[in-house]
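In this document, chain identifiers A, B and C correspond to the written order of the chains, with residue numbering beginning at 1 in each.
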Amino acid sequence: MSINQVDLPRWTMIPAVAGLAFVILPLVAMVLRVDWGDFGSLVTSESSLAALSLSLRTASMSTAICVLIGVPMALFLARSSSRLVDVVRPFILLPLVLPPVVGGIALLYTFGRRGLLGQHLEVLGIQIAFSTAAVVIAQTFVALPFLVVSLEGALRGTDPGYSRVAATLGANPSRVLTKVTLPLVWPGLVAGTVLSFARALGEFGATITFAGSLQGVTRTLPPEIYLQRETDPQAAIALSLLLVMVAVVVIAVVRRPGRNPW
Amino acid sequence: MVSLQVHVVDSARGVDLEFDVESGETVALVGPNGTGKSTVLAAIAGLLKLEQVRVQVGDRELVGPKTWVAPHERSVALLTQASLLFPHLDVRANVAFGPTCTGANNPGAIADSWLAELGLTELAARRPFELSGGQAQRVALARALAAAPDVVLLDEPMAALDAPSVPQLRKVIGRVLANRTALIVTHDPLDALVLADRTIVIDDGRIIDSGPSRDVLSHPRSPFAAALAGVNLIDGVATGPKTVRDNDQHELLGESAEELVIGAPAMATFSPTAVALHRQKPEGSPRNVRRGTVRGIEQRGGTCRVDVDGVLADVTSAAAAELQIEPGAQIWLSLKATEVSVYSR
Amino acid sequence: MKTRFTKLAALVGTLALLAGLAACGSDDSADADKDRTLTVFAAASLKGTFTELAKEFEDANEGVEVKLSFGGSSDLAAQINEGAPADVFASADERTMALVVDEDGTAKDPVIFATNVLEIATPVDNPAKVKSLEDLSNPEVKVVLCAPQVPCGAASQELLKKVGVTVKPVSEEQSVTDVLGKVTSGEADAGLVYVTDVISAGDTVTGIEIPEANEVVNAYPIAPLAKASDADLAQAFVDLITGSKGKDVFTKAGFGTP
C-alpha cells in the first residue's frame, strides 16, 4: 500500500530533473577530469592535510558558536512580540546578502588592528587579524543566518501548547526550552546546523580578506584550492572533490533517512 | 488539600468573575462559548496575564496586585481537550515529567504508580502517536496528577473524544478527583452532575447561578443552563401560587415546593418528554394547553425533538410522521401540571 | 492562488526578456559603431598602462574597439587554453605565458615588453619603522607576502633568498592587490609588492626601495594568439605595446623596459 500524492503533477518532473542535472553535472565534470592515480598523493600532501585539518577544526568551532548564539536569536525572533524584532530581522539576514569579500572588509574594519573594536583589543594585547580566531569569526559571520532562519521557521511552526503544559507541570523556562521546545524543533535545528557547517566549510571571500592566508593558521581548504590553481590545476580539482566528499559525509551522517524525528 | 479563590476581571471582554472552590471540592464551570471560561483557567494557571486577577491557593497568593508567581511554581495542573503529550517521550517519561522537574526522589516510581492507578501500565513504553484518544487523555491525566498539584484544572477534557470513550474516562476522572480541589470547564451536563459537587453558570462574563450541581441543573435559572440540562425554561411573573405567566401571555400551572408570591418574577421548567402534541385542540384534563407554530424539527434516534415557538417537545418519530409535523405547521401543545416545576427567581 | 502563480510566471518571464534584450542590445550597439573588435587578455597589474594604450590604439585605428579583460595571469592562461575567445595575451610572468605556448596557443613567439622589480610597501606612517629588507625578518614586524605560487610570490622568495633574509609572514596572499590592501589598511606593517604598485598606490603607502631589487626581475611577455580572428590587427597591437609609445607609458608607470 502506498500513498497517492495528489499535488505532484507530472510536469514538475521536468524542472525538477533539470535542476538536479544542473547541480550534479558540474560535479560529474570534475570527477571525470581528476587524475585518480594521483588523487591519493595530491590530497595527502602536507599543505592539503594542513588545510583539511584547519577547515574541519574551524568549521566545527564556527558551527558550535552559531548554535550557541543562534538558538537564543531564533527564540527571540520567534517568540518576542516586540516591534523591535521586525526592525532587527533584515539585519540578521545581511550576511546572506553581502558578497563574502564585503563581509570580510566589514569585519576588518571592526576587528582589524585599526578597527572599531580591534584598536582597543590591540591595546589589551589581543590581536585577531591573521589568526585562526579570525577565520572562525569570518565563518561564523556568514554561517549564522542559516541557522537562525531555519530555526525560527521551525519554532513558529510548533504548537505553543506543549510548552505551556510543561510549565504547568513544574518546568521552569530553561527546562521548558531544553526538554520540550528544542526537542520539538530538533529536525529544524539539525537542518540549520548542517547548513551552517557546510557554509562555514566553504567560506572563502571573507576569510582571505579578513584573516589572510597562511598554511596551518588561516589557509582553509577553499583558499588552498584557489592557490593550487595557480600552479597545479590537478591538485585544485582533487582538493575540490575532497571538500565535496567531506560535505557529503557530514550531511549523510547527520540526516540519516527514515529516522522518526521523535 | 487547599482551597482556591479566584477573581478575574477583563473589562475589554466584559468579564468579571469571582468565586471560591473549597478544599477537596470539584466545581464545574458551565456557560456559552466565549464567555471567558477558558480565560479563567488560563489565568489561574499563569498562562495569561489579565488586567485584574487575584488567585489564591490555600494561603498562598499566586496572582495579585503586587504578586505574580510563575506558572511552574504554582502547583496548578491543567488538562485540556488536546492531550498534548510530548511526542518525543514515551508514556512513562511523559508521566514522569512533572516529578522530574520538581526534583522528586524517584520520578520513575511515581510515574509507575500513577500508570497503575489509571490502568495504563502496559502502555508505558508506547509513544503518544500510538495511543487512542481516550488512552492519551488518561495518560495526560496521570501526567498532571503525578506532578502532585494543589489544584487541578480541566478544560473540556472529553470534548475531543468519541462518545463510547467518554463514560469510561468520566469514571476515571471522578475517581481521581474525589478528594482534590478541582475546577472543570464543561459543556456536558453529565460531567457537572457526575464529577462536580457544585456548578457555577457563567453567561455574558458574569456568574448567574451557583450551587450544588443537581439543583442548578434541575432548577436552571438561565436559558443556557436550561438547554444544558435539556429542559424547557419559561421566564415570567407569578400570577397565582402555582402559576407563571410568560411574556407571550401564556400561563403555566405547575407544582412547586413553596407557594409563589403573586407579581414576583418566577420560572417554570418541564422536560421535553412531558409535552404532548396534537393536530386538534385536545379535550380532557391537562390544564396547560396552547397552540403554536412548528419552528424546527431535530431527529435524535427514534425520537423527534420539535421546537414549537421555542418550547421543545420530544415525540416518537412515528408520532411525528402521523401528525405531519413540518416547519410552519400549526400544532397544539398540552402539558400536565404535575410535570411542570415552578419556582421563584 | 491562480493570480499568485500568474504573477510569478509574469515576473520570471519579464526578467528573462530583460536579460535577453540586454544581451541583444549590447551586441547591436557594438556592431553598429565598430567593424572590428580586438580582445586582449592582460595581467591585472597592467590595468592602468594597457587601458591608456588601448585608447591610443582605438584612436589610431578607425572603427576598431579594444576589449580588455584583466585578471590573474594563470586564470587567464587557463581560460585561453579552455577556449576563451582572445586575440592577444599579456601575462605577468614567463611561466604563465609558457602554459599557453605549450598548448600551441600563440601565433608568434612571445616578446618581453616590460619588467618589474620588487619594493617594500608600508602603511603611510610606517609604524614599524621599516628601513630595509633585513627589518622584515624581525618577528615583531607583521609582514605580508604574495604566496609562492603566484608570480610576485615566487619573485619575493627568490629575492629574499638572494639577499639572505628569512621572513615569517603572517599571511601569504593570492595576489599583489591583496598584499597592498592589507598594507594600506594598516593590518600589516610591511609587504613586498612591485614598484609599479607603490607608484599607483600614491600616498596611501610609503615605499622603501630595495638596493638588490634588480637581481630579481619579473619579465612581462606578450604574444598574439593563434586563434585571433584578425592576425594583422593582433600583431599591430603587439607592435604598439613593444614600440616606443608603449615604452613611454610603461616607464612612466614605473616599469622597466628591455
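Note that a contact is a pair of C-beta atoms (placed from the backbone, for glycine too) under 8 Å apart; a residue touches a chain by one contact, two chains touch by 3 or more.
Remember, predicted model here, so these are calculated numbers, not experimental data.
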Arrangement of touching chains [line / ring / star / complete / other]: line
Chain whose Cα centroid lies nearest the overall Cα centroid: A
Centroid spacing, where centroids are CA-atom means, of chain A and chain C in whole angstrom: 33
Interchain centroid distance [CA atoms averaged], chain A/chain B, Å: 54
Length of the line joining the C-alpha centres of chain B and chain C, rounded to whole Å: 85
Of all residues in chain A, the ones touching two or more other chains: none
Numbers and ranges of chain B residues touching at least 2 other chains: none
Chain C contact footprint on chain A (complex, rising order): 108, 112-114, 129-130, 208-209, 211-215, 218-219, 223, 226-231, 233
Complex interface listing, chain B residues touching chain A: 45-47, 70-78, 80, 82, 84, 86-88, 97-98, 101-102, 127, 129, 143-144, 147
List of chain C residues in touch with chain A within their complex: 72, 74-75, 78, 142, 144, 147, 149-150, 169-174, 178, 181-182, 185-187
Footprint of chain B on chain A - complex, ascending: 159, 161-162, 164-173, 175-176, 179-180, 183-184, 186, 262
